[in-house]
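The following pair of complexes shares a single chain, subunit A, combined with subunit B in the former and subunit C in the latter.
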Partner chain A sequence: MATLHQRSLARLMVAPSVVLLFLWMIVPLGMTLWFSFQRYNLLMPGMEEFTGLGNYRYFLSDPGFWISLQNTLIMVGGILAITVIGGIAIAILIDQPIFGQGYVRILVIAPFFVMPTVSALVWKNMFMNPVNGLLGQVSRAFGAQPVDWLSQYPLFSIIVIVSWQWLPFATLIFLTSLQSLDSEQVEAAEMDGAGIWARFTNLTLPHMGRAITVVILIETIFLLSVFAEILVTTNGGPGYQTTTLTYLVYTQALLQFDVGGASAGGIIAVILANIVAFFLMRMIGKTLD
Partner chain B sequence: MARKVTNTRKWIFTCLAWGVALLIFFPILWTILTSFKTEGDAVATPPKFLFFDWTLANYREVQARSDYFSHFMNSVIIALGSTALGLLVAIPAAWAMAFQPGKQTKNVLMWMLSTKMMPAVGVLIPIYILFQRMGLLDSRTGVLIVLMLMNLPIIIWMLYTYFREIPGEILEASRMDGASLWNEIRYVLTPMAVPGIASTMLLNIILAWNEAFWTLNLTTSRAAPLTTFIASYSSPEGLFYAKLSAASTMAIAPILIMGWFSQKQLVRGLTFGAVK
Partner chain C sequence: MGAITLKNVRKTFGETEVIPGVDLTIEDGEFVVFVGPSGCGKSTLLRLIAGLEDVTSGQILIDGRDVTGEAPARRGLAMVFQSYALYPHMSVRRNIAFPLKMAGMPQAEQEKRVARAAEILNLGPYLDRRPGQLSGGQRQRVAIGRAIVREPSAFLFDEPLSNLDAALRVNMRVEISELHNNLKTTMVYVTHDQVEAMTMADKIVVLRAGRIEQVGSPLDLYHKPVNQFVAGFIGSPNMNFLGGATAARRGAHVIGIRPEDWVISRTEGRVKGKVTVAEHLGSDTYLHITLEDGNHIVARSPGEFPVTVGEELFLTGAEGRIYKFDEQGLAV
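Now for the complex of A and B:
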């Protein structure tokens, strides 16, 4: 009897979370899906009508969509490459026996705790500004022409800024993973005459495989939603050069008030994210067993 | 002889690691230093590193010009409020799933996680329209609720992984001794659960403080937390580097300090227990 009683109590305790999350995600998502089949513009109230796949046709035939999709892929791919490769290198470096390891780790992790609007504005003004920015001053000191990063290489600049924020995350996870590497195994390999590279590819890398996958998947989820960094630096420009899918949906909805079109874009973003989420969920699911 | 070689090696790696670390930390250091400069010194050529007239004028001016403190308080209220509310809902759920797992528990957990995978733009439009209708745009209550819901899956998952590490035998033993459910929670579980709850809280405050999609879209002025307030510096007037730095330093300092205390929990929380 007690177990039955406790079981229903357990259900009762889980219920609020389930209900809240249901209201928070499934209901709005259903609304987005519904809107995406409507002609619905906030500037033209009372003109709502069913258009079937009209919004999707409009969105998919908009050149802005394909550019922003391409930008999204380049941005996410670029940041992933920088943070994963850089993160592995830095994690291995910090994992060596060094003086002040704790302090080094604290310094390296710091950028992750900086709010996106701050890091974007600091980079934009104090580093990437061609006149007063530090990078411009350094290049002038060497007699070179200063580069106006955000207008000459806008997407690359965004990649640099966001990578700076996410490199610490990757490093921290790789470091955690490295510290669980069996040191006796490494010593044994060393005694058997395995070189640094052989030890890295045959021992370290396979050991970190799981951490690398997790970093790639989780970063992808978060990076698909990068927004503040673009809003305060380039506003998606010049032209469409830094407009990502997230940013395109934002402009379509809150600047052009095209609810139907923006919803179609939102649904496309959800589908893309779900492809990644599918693999991530499978990996995390395994930890539950 | 061998010892000497390792020592040299250690020094080389120390120098390398510190070099990389300082390079990564430099933008933050530079922001903090610039916040104590005059606007003239902030854009001086060549850049002034340490030898300038240190001043607190920027901090005073940021407060006087735009009521910085009220935005700071908005951030505090939103971050703490959403965390408290989230814990209130999540602790019972995580507790039940960790200690009374049913057939559906794994599916429920995975479903909760899947809501976190949903990109925010997928639900931006309905939430915005609903908030507009309900008068919740630019209100602290509105953002607080959204951030609580957004982070709820992370809170539940983190708590779940902590609670699951509490050995079940202890519960059985206390039940054998005739402890009631309430006593079981009060005297056995709570003391063992507190560290996990504390780290979950810390991580969630950090995430809520830095959240910059919903805060930027749902607040404009009255309820604007620091993320939105700092964004207003993207359309500057005149010289503003020192003031931007002062506003930024105050915005990141509390979280930087909290973050350093929660490094380990960060890994567990953000990887949903997949890397420990």
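Now for the complex of A and C:
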């Protein structure tokens, strides 16, 4: 793209797709914004009217709002912590030369290919169910009272289920990062007298910094909108214990038929996601020089 | 102290035998250079000494102590890698201090040693930069700095200058030689550049396919190569080898004449040849000549030698400077 001519030609060529993408994004956003200022309930058709910030006031004062915000942050933070720490640990383990390495790697990556609803149901019925679940049976085998995970520790259970799904992704990214570590640097550190832990903190971890930020960024984007796992396991309950922002918007729109309120919630979620993205981008800017 | 002894050291990678058995003694304070063609096992031998590879059999002694099974850090050696292997996210200062920090040295002593290394290597202005912000030569100096702060009993260098441009290579060569003169620490240096070997070494070890072909001082190897391989490897441009009748006349299978040992004349000489290429360097002229019997040779004439391509010249090998080799390539 050296000359002015080439550049304007290039702009002309990409214009259709840019316009399409822009419309693709702006139409739903605009409509959501529009609905968020309307009193619009599906149970009362034909009664739509402009309410200004009424929907926002209503959504923000919903008793579930602050709890769901808190739940969202705990869930995202918890899953990030588990997948990053666990991902690094697993990546280091499967990077070791072991027998059947190829198969082990495929097995480790497998959960990523399971649909969220399916994996959540598998966890719910086959692991966490106090009567039939594996965990319940194990605790009974030891003579202990089985734990009803989804009602006693619902948010923690959701975190475990979603972490299980996202661990492979983190592991995969960390593994490629680990393998790009210069072996001469490792050998130099070895000669400099650095033990395993010193090599990990001084060499491996800083080297993986970039991969860690990428994992955090991508996962955050997807985790803010976790929905299916909550729907099929706890339905946001008990009470509000596993209601996240996404789930709250869903209950507003499809259980209370309040499209206006749900749209306002959606806009609030978008704003929150952008605040998170802003901080993440600054964090990335620091590690990606 | 840094005397290193290898006793019948062997190394195999799986089925392939890379070092079939090496015995070598390196005296304390010596500058020893390993040379040899690519893939002959120079790096492997160095890494065996460093402890980065385990020997398959044999013994490695440092100052009489058997270190064969010891971890690299405990051998008291420092290594400078071909890729420099600096820690990219640490400043130059922290890079150099890293081995001291790992050894748990007090902060004040660390700073003193880093400052001294920076002074020796002219790294003062760069101490707070990252390796990525340095030139190749500066990175090389940081790598050397990281090696010298530990005050090791011997330095190991694996082709440390091969990533530098020609001019810088000459400078660094001199700097490393000066460093050796000042520190008087044993240095083991791997290169495939025989000019580096000739100029820096106290003792050259010529390797071929994992075997030691000859060990000796640079001039020993230059004047008394034990076989055709060493003769062809040492000296630049390479020695010319002539076979056939020319060699048979002198009772040898092959004779070798160094480019600088030809007497060049326009009027008379033993053999006649045609100039195919003339390289004028100012200080020397290298003449590539095809002889009448089809052999191709290189002759060196000091200073300027005016010649046109295609011109016919007469050449005579200087008496007493002709090397003879038998069928096995051994010098006779």
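Quick note on the criterion: the second predicted complex is superposed on the first by the 256 of 289 C-alpha atoms of A that agree within 3 Å, B and C clash if a C-alpha of one lies under 4 Å from a C-alpha of the other, contacts with A are read in each partner's own complex, and residues count from 1 in each chain.
As a convention for this text, a contact is a pair of C-beta atoms (placed from the backbone, for glycine too) under 8 Å apart; a residue touches a chain by one contact, two chains touch by 3 or more.
Computed from a prediction, not measured in an experiment: that's the story for all the values here.
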Specify the outcome, clash or fit, for subunit B and subunit C once both structures are aligned onto subunit A.
fit
Contacts for A:176 in the overlay, against subunit B (first) and subunit C (second): which applies, first, second, both or neither?
first
Once both complexes are placed on the shared chain, angle at subunit A toward subunit B and subunit C, C-alpha, multiple of 10 degrees:
80
Which holds for A:218: it touches subunit B only (first), subunit C only (second), both, or neither?
first
Return first, second, both or neither, reflecting whether A:253 touches subunit B, subunit C, both chains, or no partner chain.
first
Give one of first, second, both or neither to describe whether A:207 is in contact with subunit B, with subunit C, with both, or with none.
second
After the superposition on A, what does A:94 contact: first (subunit B), second (subunit C), both or neither?
first
Which chain, subunit B or subunit C, ends up touching more residues of subunit A in the combined arrangement?
B
Would you sort A:43 into first (subunit B), second (subunit C), both or neither based on which partner it touches?
neither
Quick one: classify A:198 as touching subunit B (first), subunit C (second), both or neither.
second
Once both structures are aligned on chain A, how many angstrom separate the closest C-alpha atoms of subunit B and subunit C?
6
Sites on subunit A touched by subunit B in the complex
6-7, 9-11, 13-14, 16-18, 20-21, 24-25, 27-29, 31-32, 35, 90, 93-94, 96-101, 103-119, 121-127, 132, 134, 137, 140-141, 164, 167-169, 172-173, 176-177, 180, 210-211, 214, 218, 221, 224-225, 227-228, 231-233, 245-246, 249-250, 253-254, 259, 262-263, 265-267, 269-270, 272-274, 276-277, 280-281, 283-285, 287-288
How about subunit B: which of its residues touch subunit A in the complex?
6, 10-11, 13-14, 16-18, 20-22, 24-25, 27-28, 30-31, 34, 43, 45-47, 89-90, 92-93, 95-97, 99-100, 102, 106, 108-130, 149-150, 152-153, 156, 181, 206, 209-210, 212-213, 216-217, 226-228, 230-231, 233-234, 236, 240-241, 244-245, 248, 251-252, 255-256, 258-260, 263-264, 266-267, 270-276
Give every residue of subunit A touching subunit C within the complex, in rising order.
182, 184-185, 187-195, 198, 202-203, 206-207, 209
Seen from subunit C, its contact residues with subunit A in the complex are 50-52, 71-73, 77-79, 81-83, 85-90, 98-99, 102-103, 146, 150
